[in-house]
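Okay, so subunit A shows up in both of these, paired with subunit B first and subunit C after.
Moving on to the complex of A and B:
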């Protein structure tokens, strides 16, 4: 009886071991990549949960670039293929997905993510496995600072938060050319969440250099139901310009409360997020007239008009900053893989590091973003070393005029004049 | 009599062999499975099941449904991370520190809350979780909403930092086993009986001389300390934490494995975790790319089916199923109940006679 039981147990155990072994074998079966196989681009964005709409815009830009490149014959004769992962806004899930895309799907390069905190975790995984990664839209300064110097497979195309805010301040300075009035005092109105912390930090960093007097900093908790107290405080401080950053619900409520309190600030400059969400204009209509915001791309930018026409024909809507930046990253990967001559991680990484694109991609489009050079460099930002950022990146400022976003700054990229003071009607 | 004694002994031995084999399988998985992605799923199973066991000590054993366990986990993660980054402490010491802090906070805050019963306790636990999260978002010491990152660097046991999954796998496995043994011990102890009596009827427990508040506080402190340990493990694994870790949805995640596996059993969260987490990962890998969100829909359907048709959880069903009967009688050779009682009675009286 004793032996019979033992035999049974051992056979059950052996079967289990076989199943596990088989699973392991299957997982590593596909390793050799033939020349004809497509080049696989892994993408990790939120495709479900509260940020799914943002992920959708990004993926449109990627798909658009991939189709364009494949139609031209691909990269080194190989087609591009996108393998999607969903992080649903959770760093732990981002880590899982990065590991799945790299070890199960064998992606050659990686793009991501939408939230900088998830990007940080995913970039670590990519560095560990030697998979080159470029983020199109993660703006948190920290990602390229000293603590992340060793993350040497990770590059950033978009401007850093401090560049966003510095450009906002530059705009305030330059605006006097058109408005005839100089801005002296500013106030911050923002979410208490991470986006707001970054705005406050960056304004503190640059306000003295540009000679602005920060008269008040007013924050609130995300998804506020009432912003009257905050708007009253702003009214009391009465700054020349308000700098703000909010998610869509709060951005809408903010402008509505301004109207309700009958307080019309002369200048409102937002750091994108909710203010550039398509719902912002549909929620507010004419009431948003005069609100300005940082944009990474705008359909009326002189370099982007042509591509936006094709894009909107295909998808029925305009390209936004996120789609334009991720579109550009696919082109960077194409150029780098061609320069490297293979998809070997180290070779592609070195090619990205040496890339210097001026004006337009070889055999492709002009740079459609509001700057004309792409080069990843190590440099000093406000006294702190940073690594592998695109140092030429900058943003444009657009303003709602007649219910539409019109680029108003930098003055070289547009012909539209600033609407001043903001009418909010 | 000897024949019966032998049968009982044989049964116990068989159970031990099965448990040993299961353990052995888990021990050799990292040797056979080289895919970091699969190992990552096991790591998730380990820490989420541990968190769920912590929840189950309160929810299943004591009948106090907490929806604030993400807050304990987050606070534990914060306490240990801040000690590591600000004071340069050894992570293993920081883990103990985090557990003590969370145990104290939970004990002090919940002392007045246990005057409340039933749904009121649940409401307080939700409020407590959110209050803690807001506190961290508004405190610059905690890094506000920006979170805390742990330093990266070379593999090191002293820093509990590895590029490979394998060390995390084994530490996670040890964590699950130790927490399981601890809770199993509590279940069989005086405290376990007291907690279950409180769950069934608090007034009756009082009448029997059990002090419900005392035992409930003990349960909350132990449960919160385990959650803090999980928070430490999570932080060292992901190497970044922010207040999002403490949102309500994460607390619900700690409840699901217990409910699906069978909240009445200490093993429930383990069974639930082993089934539901790989299922959720599988659905995401399979469907999320072309039908975003469908994975969650399918997951929700599985959940609803389990709760509708097996309200006692998978273990609750198994315990009264023919499968168990078959395994008990055919594989484990479990003798009938009368034999057990006879043997036990005999051994007791035997001892007394000595």
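Moving on to the complex of A and C:
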């Protein structure tokens, strides 16, 4: 009987000791985990389907920044880790990927997406779960308009579509400093599809403010068999500058037709798309010389030369606009999480809203994009309120010179002069 | 005035392509009474063949024309023998419609898988050469292409008019039963005509590569215009298709010049519908 009691007491003690020991062990394990558990950045881009190549470029920029930051000791002593989601170009899949990353992978912050329609859906999910999200490249104006005011965990780094067009007009205005000839009349040459309508809308919005006379708007259907009629109409209108937006097939045919119709406009400024497709230069060769286009980043940008050298050594190709903007977003998250002192969603969101980066990131590089301040603000754009956009964002203008894209504007970010009039040969 | 002349030349140079496409379509329709809905995709295949020949052997795109024509003829003959002839037996128009539409989808998606969605082009030493004739400028490749098209068209007329095979083709197109009765092998004629039609589309494709980008859906807009040409020029009529093609090219540029480039597609299609309706009314009145 006594023995039995003793046995029982021993086993109870043993069990108690085990429970205490286990709890202690667990507690110490937990503190170690908290120190070493990485900060998880969720990314949602197209990694399959027709746009996979774009997703790849974006992820290169993100990986490059993450490696750089981790090599410096991480954020608040924690490493960064990227958790990849794939939206395959489909908003429905974007939504389910966002939910998966938040509820199962427990990401702390989110980046995405490549298509504005997908970004919109993902931003709603992030706001619902209180996960801060920054888009590096979604340019559709309405993502930050009144209807989306409530998406208060969502911020946008890149310029809006209308800022792209406004910058094209600013460039035309500023160019007279170098060319000595003032631009007075402009014409639009563009696709009848959505991209063209957007260009026309934005030019209408700003042309009076910049004092340009829009003399003609010429459009065509995508993949046109022939553009000679359109070019003849441009020739008749003979504007000082042509603004255009086209897909690659039509962009190539456009420049060829200009030559065939013996019409060399003095200035052509494109809103990227087909004009900055690598095939544009290889299709046209010297005939493209003088064509200018909006770019978000260019390897010869004074701020970007250094990082591009490192980037191209690592990946064997130049940094492009998408990789440069995504790179920058990772640095914004780092800076904001450090300011917030934790990865709590609300604290990080408030830190992003408070952020004001001038010139360079604390402990990092100069801003590698063609502007020198990052601050997310609520503001009025052409009379309509917008929310949480980086109001300092702008684009650069590059021009094809000797078969290569050279940055020519803003003048502070380059040493190359504008080639005027465009030779097209 | 100089703009008008330039627009005429542009319309003529482009119309030549519509003619060639329409004639290919009409050769097939005339004999078999089927509309070849993958005609535009055949043009695209011709473009990629030319590109491949240019990439691998460094052949000039214009030297590729006869080679592409032969390959495309064989391709057409095989398709006719293995797919279309059996389907003709069912006497069902829907069957043939789905067959040719499906073939078109297969070809353009096949090209997407094989070559990707990049827009390619062939550049030659003369692709950026332009000829000035008074007030009019022409790109040399377009001019050469137009010359070749004229030669091909004349050759096609002569072939159909004077050679025995040509006469057999016309005989089958006028009365297939009668032709069979007098001893013409109609199946063989079917193979020949489909091959011929596809070869004409291939030639158009090869000639286009001198100044047009190559991509998997490049044929779509040309294929669609070929249908208009066939309807306007008269189903089965080769000279009709020739002139209708030129007419379509000129109409496009003239509308753009005198009205607005934005309306050129709209007006072309409205004209197309008007011609269809008017012709229908005339036919009804005659009855």
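One rule holds for everything that comes next: the second predicted complex is superposed on the first by the 386 of 425 C-alpha atoms of A that agree within 3 Å, B and C clash if a C-alpha of one lies under 4 Å from a C-alpha of the other, contacts with A are read in each partner's own complex, and residues count from 1 in each chain.
We adopt the following convention: contacts are C-beta pairs under 8 Å (C-beta built on N, C-alpha and C of every residue); 3 or more make two chains touch, one makes a residue touch a chain.
Keep in mind the model is a prediction, meaning the values are calculated, not measured.
Q: With the two complexes superposed on chain A, say which partner A:232 touches: subunit B (first), subunit C (second), both, or neither.
A: In the superposition, A:232 contacts subunit C only.
Q: Taking the superposition as given, does A:221 touch the first partner, subunit B, the second, subunit C, both, or neither?
A: It touches subunit B and subunit C both.
Q: Which one hits more subunit A residues, subunit B or subunit C?
A: Touched residues of subunit A are more numerous for B.
Q: Shared contact residues on subunit A for subunit B and subunit C?
A: Common to the two interfaces on subunit A: residues 192, 221.
Q: Note which residues of subunit A are touching subunit B in the complex, please.
A: 1-2, 5-6, 8-9, 12-13, 16-17, 20-21, 23-24, 27-28, 47-48, 52, 55, 83-86, 89-93, 95-97, 99-100, 103-104, 117, 120-121, 124, 128, 142, 147-148, 150-151, 192-194, 196-198, 221
Q: Per the contact definition, I'd like the list of subunit C residues that touch subunit A in the complex.
A: It is residues 3, 6-7, 10, 14, 17, 117-121, 123, 128, 130, 132, 137-139, 142, 211-213, 215, 217-218, 220-222, 225, 252-253, 255-257, 260-262, 264-265 of subunit C that touch subunit A.
Q: For the complex, give me every residue of subunit A touching subunit C.
A: These residues of subunit A touch subunit C: 50, 192, 218-221, 223-226, 228-230, 232-233, 235-236, 248-249, 252-253, 256, 259-262, 277, 279, 283, 285-287, 425.
Q: State the interface residues of subunit B toward subunit A in the complex, per the touch definition above.
A: 10, 14, 17-18, 21, 24-25, 28-29, 32-38, 40-41, 44, 134, 137-138, 144-147, 149, 151-153, 163, 234, 238-240, 242, 244, 281, 284-285, 288-290, 292-293, 295-296, 331, 333
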